[in-house]
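Next, two complexes with chain A in common: one pairs it with chain B, the other with chain C.
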Partner chain A sequence: MPRRSSLPVAFVAPTLVILLILSMVPTLYAIVIALQNRELSSTAYSWVWFSNFVDLFSDRRFVNAVWVSVKWEVVTVVATMVVAIGLGVLMFEVAAPRLRNLYCLLFIVPVLLPRVSAAFVWKFAYHPLYGIATYPYRLLTGGLIFDPLSKPSTALFAVASVDVWQWGLFFAVIVLKLLETLPPQPIEAALLDHAKRWQIHAYVTLPMLKAPLISLMFVKMIESLRSFDLIYVMTRGGPGVATETLDMYAFSQGFIESGKVSYASAMAVLMMIATVITFTMLWKRVQA
Partner chain B sequence: MRPGRIVAKAVLAFAGFIAVFPLVWTALNSLKNSVDIITRVPRVMFTPTLANISYILGRDSVITGLYNSVIACGTAVLIGVVLGLPAAYAVARYPNRWAGDIQFFVLSLRFLPPVAVAIPLMVIWLQLGLYDTLPALIVTYSLLTISVIMWLAIPAFQGVPKEIEEAAFVDGYGAYAVFWKIALPVAARSLIGAVAFSFVLVWNEFLIALMLSSSNAKTLPIVASELSQQGMNVPWGILNASVVLLSLPPLLFLGVLSGFLNSVFRQKKN
Partner chain C sequence: MSAIVCSHVDKAYGATTVIRDLNLSIEEHEFVVFLGPSGCGKSTLLRMLAGLEDISGGEVSIGGKVVNDLDPGDRGIAMVFQNYALYPHMTIFDNIAFGLRRQKVPAPEIRKRVEAVSRTLGLEPYLGRKPAALSGGQQQRVAIARAMIKTPKVFLFDEPLSNLDAKLRNHMRIEIARLHQSLKTTTVYVTHDQLEAMTLADRIVLLKDGIIEQIGSPAVIYEHPANLFVAGFIGTPNMNFVDVAVGRKDDRWSLTGAGTVFSIDGSRFGLRGVSRAVLGIRPPDLKTAGAGATGILQGTADLIEFHGNDALVTFGSGGKEISALVPARECPVLHAAVRYTFDEDAIHLFDAMSGASLRKQ
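Up next is the complex of A and B:
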């Protein structure tokens, strides 16, 4: 590489400046708005400083939204990783190369769909009377009604299943590719020691893949923050507030119910601080 | 064959079925009349109709949404390519002590909750008089495309054998000529995957488009979601047809993206 060239500066500087402007302006402005009392209906506003934040902590719907968000995050991340590792190992074990390629193509399809499409596909499928996914239940019980999206106890899991359908299957493909990159010798050594197939994966291959699997989980944690589309289309946060995550609540406070833009922004700012701190710390640990 | 293997194969086959069947079913429903959709027992045999699809394609709102989506996503991806690829190349090939920080900064943009970006941007675009216009959407999407393309292109450029580039320098190529004539063409396959991925990402984007448009700049996902808000008054066949229309463009990239995955992992193996 030539030592003296204008290329690095000429190539990086404009892009970084634009990225900084595009990201810092809204971020800082979100904080400014959160300290005011703006509403959608009027242009007048004044500074109220931290009162939006104080109000949030006594807002029971906000506390509920935090709880739902945490639940969503845990359920989708854990279920995605379980499905991904399970199916990835199964493909590695029993699928011939040609079949593997076919499965890989099939498993990538759901994640390519727009979340809105995926949400619709499954909203139809979960319809209690005419849905294709509830049909087996109707068939077996002789026509009983099962409506997963309108029962508070099942709604979150029903929406989460769509998320896992998209990401779990896709990650299964990645787990398979990761397994294929491993050298065969440790597996052969374990076989010589009469290890069972599941033992080989539990004690040899998966521990060898610990670092990339943790990175994968990290990616899923970030993507799970983007639950809005699914919830908006499938339940609108309902029934009641059973699936109302933070972004759903912020959206409905800011735009549907009351137009309290500043209040919504305060929520968004808290969310932003929490995610940036958490993920920065996690990332540094993953890298270390 | 041991019973364990049979069970394993059955589980896999079932997962493969679950992966695509709901979508196939939606596509079938888009060809049905309402009487064939609203049935307690799913109907596999029916007289197909093109009425739903032609209704969808005949609606102004859908055509406008399609146009907006194509223009907004296409332009944002183009901006992402122009700004993201050179920056990625410089980070990959001319590492300095900030290279790690730059990479982390680009990744950290993905940590920002979309609501936290969309609310202030809505106020900003309102004040600038650009709310509900395509330029506002394009600028906002560029943040997404630039960072994603950069993030994915850095390893792609690192995968180009250094020797090729060094040989070109020896032959008297300048730094820019090496980028244009060597690095870009050699890394092209992976780069196309990265660009396709960024397109799928913004095409599928919903929350920001929802908050930054009210009538003129609505993208296709917004139009599709609105069709459903009229409740069950809208025939299901039409809704299914709009879902199919919305899902087709990302699926066109299925081949490109699975090739991209393969090349990423082949690189890892070597």
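Up next is the complex of A and C:
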């Protein structure tokens, strides 16, 4: 048997080492900091071990941030998928091929906008006096003020709508393209089997697309975790703490309000662990 | 009452006409095969019957009811597709039951009917499986079960056996024939395989470029092809064609071509006023010529295909390729000189200009 060459290892090893350092060092450093009591205002620190984590659980603002994060995740993912599937199926059913291409082009534009730009555009659109999104309300009520971004009950949904506007429309294009790749015969067979158009999609096409749709959902779940820029521009976590997600709260604890870097790090570490566990469980469930 | 009537049916995609002014009536309990080369419009016609293609002009009625504007589900038909078109994510049971569920048939009755149908087709062991776990033949049987369970007025088959291997195709062909014998449901079957058409059909509708070339029983189409296209399309190996000049000589007709003169009685054909014709003779009708025979096709055997019982001898005669199907024991050796003759009863004559058969009606 020929001796295995070590050449591949020689080529791969440096890259792997760099990648490992890049990914592992910050993570490990975050964990180390989370076990200390570092603050931005001084260089002195000591090891406090798990007291940051213990403090977190009695911090009502942290509990609120967890709840807001969960709400944000559920609302954006569900709404994106509903919009994507609804619009995708609608285009598939109603639009002629040429019109479909035009819609696809239009629907991809929002996601191409940088998040911060999209956030500013919509922040102005939601402006109570000049915004185009609030214009119908002013028109119907004869000039009453409606400010969705500064009402605790609507702020989260107003910000989420921007996320859905960007990703739901983009995913609608993907859903349409997925539907177009399906063989036409099962759809025709269903037509002959007395299925109505909506039943064809509910019972035949969408179940046939289950695997790619689930993958899309996972992509959106991961994407939804990175909502910091959008929320930061539109509400900065407000009004009050109504849109303060975990990353927003960690950022304000670490850099804005008190400079408690270790405390913020502890949150980041918790978030990482929770995300890894949740995604692993979901993935396993989907695979089964 | 006719089960299906097409009157003056047209189909066009934009400026391209695929089917023009097609008239056809199919009787109840009949097994009709649409046969033709690919692109002849046979599948399009079937899909128009099914309601999967719009009808550009004319009228189609099924069971006495005009169906032009009816949805596929409301036409009282069931269709079996070439690639089975099963629902891949459903079990076999759910596949078969899908249509009944959409019609809100009560669950116990669905169960009863699915079991009955799957017993007929031998699918009972597979009801819990997904289509991907079945072989091609079994999948096609599921597709047939899915069509049968709706107890339709008309079965439509769109090249159902094309995806199967040769042996399975034979087997399924026999199963479909048996099924039609027992169910007696009116059936329209599309194929490009003439063997399937000949063995299954009560009547064959032979199509070319969206026009019906001939309608008739397999025997009529084989023995009395209406024109050159039909004669060339039906029959394996293909019919031999020889261009001949027609002449009159002592109460008999003479056909001159392929370097020889054939003298025929010609009473079966309307040869008056015809100067040029095409003589058609099927390879099995050519016989080895004896010493004193006249009207001989001769040449050098340049290809011999051994079929088992017989052999196909191909030779050039007067610039034409001619094939003769002879018993294997009479098979000549390659490059040997061969001489074949034929009976006048076996020949076909076609007008050289129009291609229409010259046979008297």
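We adopt the following convention: the second predicted complex is superposed on the first by the 266 of 288 C-alpha atoms of A that agree within 3 Å, B and C clash if a C-alpha of one lies under 4 Å from a C-alpha of the other, contacts with A are read in each partner's own complex, and residues count from 1 in each chain.
As a working rule, a residue touches a chain if its C-beta (ideal position, glycine included) is under 8 Å from a C-beta of that chain, and two chains touch if they have at least 3 such contacts.
In this text, all values refer to a predicted model and were calculated from it rather than measured experimentally.
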Worksheet item: Based on the superposition on chain A, does the combination of chain B and chain C result in a clash or a fit?
Response: fit
Practice prompt. Specify the partner with more touching residues on chain A, choosing between chain B and chain C.
Written response: B
Discussion item. In the overlaid three-chain picture, which partner chain does A:A189 touch, first (chain B) or second (chain C), both, or neither?
Written reply: second
Worksheet item: After superposition on the shared chain, which partner residues are touched by A:D229: those of chain B (first), chain C (second), both, or neither?
Response: first
Discussion item. Quick check on the superposed pair: does A:F107 touch chain B, chain C, both, or neither? Answer first, second, both or neither.
Written reply: first
Worksheet item: Once the shared chain is lined up, is A:S41 touching chain B (first), chain C (second), both, or neither of them?
Response: neither
Item to complete: Scan A:T141 for contacts with chain B and chain C and give back first, second, both or neither.
Response: neither
Response to the item:
With chain A at the vertex, the Cα centres of chain B and chain C span an angle in degrees (to nearest 10) of 80
Practice prompt. May I ask you to decide whether A:P207 touches chain B, chain C, both, or neither, giving the answer as first, second, both or neither?
Written response: second
Discussion item. Looking at chain B versus chain C in the superposed three-chain picture, what is their shortest Cα distance in Å?
Written reply: 13
Worksheet item: Which residues would you name on chain A as touching chain B in one complex and chain C in the other?
Response: none
Fill in: Contact footprint of chain A on chain B as seen in their complex
5, 8-9, 11-12, 15-16, 18-23, 25-26, 29, 37-42, 83-84, 86-87, 89-91, 93-94, 96, 102, 104-117, 119-124, 139-140, 142-143, 146-147, 150, 165-166, 169, 174-176, 179, 200, 203-204, 206-207, 210-211, 221, 224-225, 228, 236, 239-240, 243, 246-247, 250-251, 253-254, 257-258, 261-262, 265, 268-269
Worksheet item: Which positions of chain A touch chain C when the two form their complex?
Response: 183, 185-186, 188-196, 199, 203-204, 207-208, 210
Fill in: Contact set on chain A toward chain B in their complex
1-2, 5-8, 10-12, 14-16, 18-19, 22-23, 25-27, 29-30, 32-33, 38, 87, 90-91, 93-95, 102-110, 112-117, 120-125, 129-130, 132-133, 135, 138, 143, 165, 169, 172-174, 177-178, 180-181, 222, 225-226, 228-229, 232-233, 246-247, 250-251, 254-255, 261, 264-265, 267-269, 271-272, 275-276, 279-280, 283
Worksheet, complete the sentence: Within their complex, chain C touches chain A through residues 50-52, 71-74, 77-79, 81, 83-90, 98-99, 102-103, 146, 150
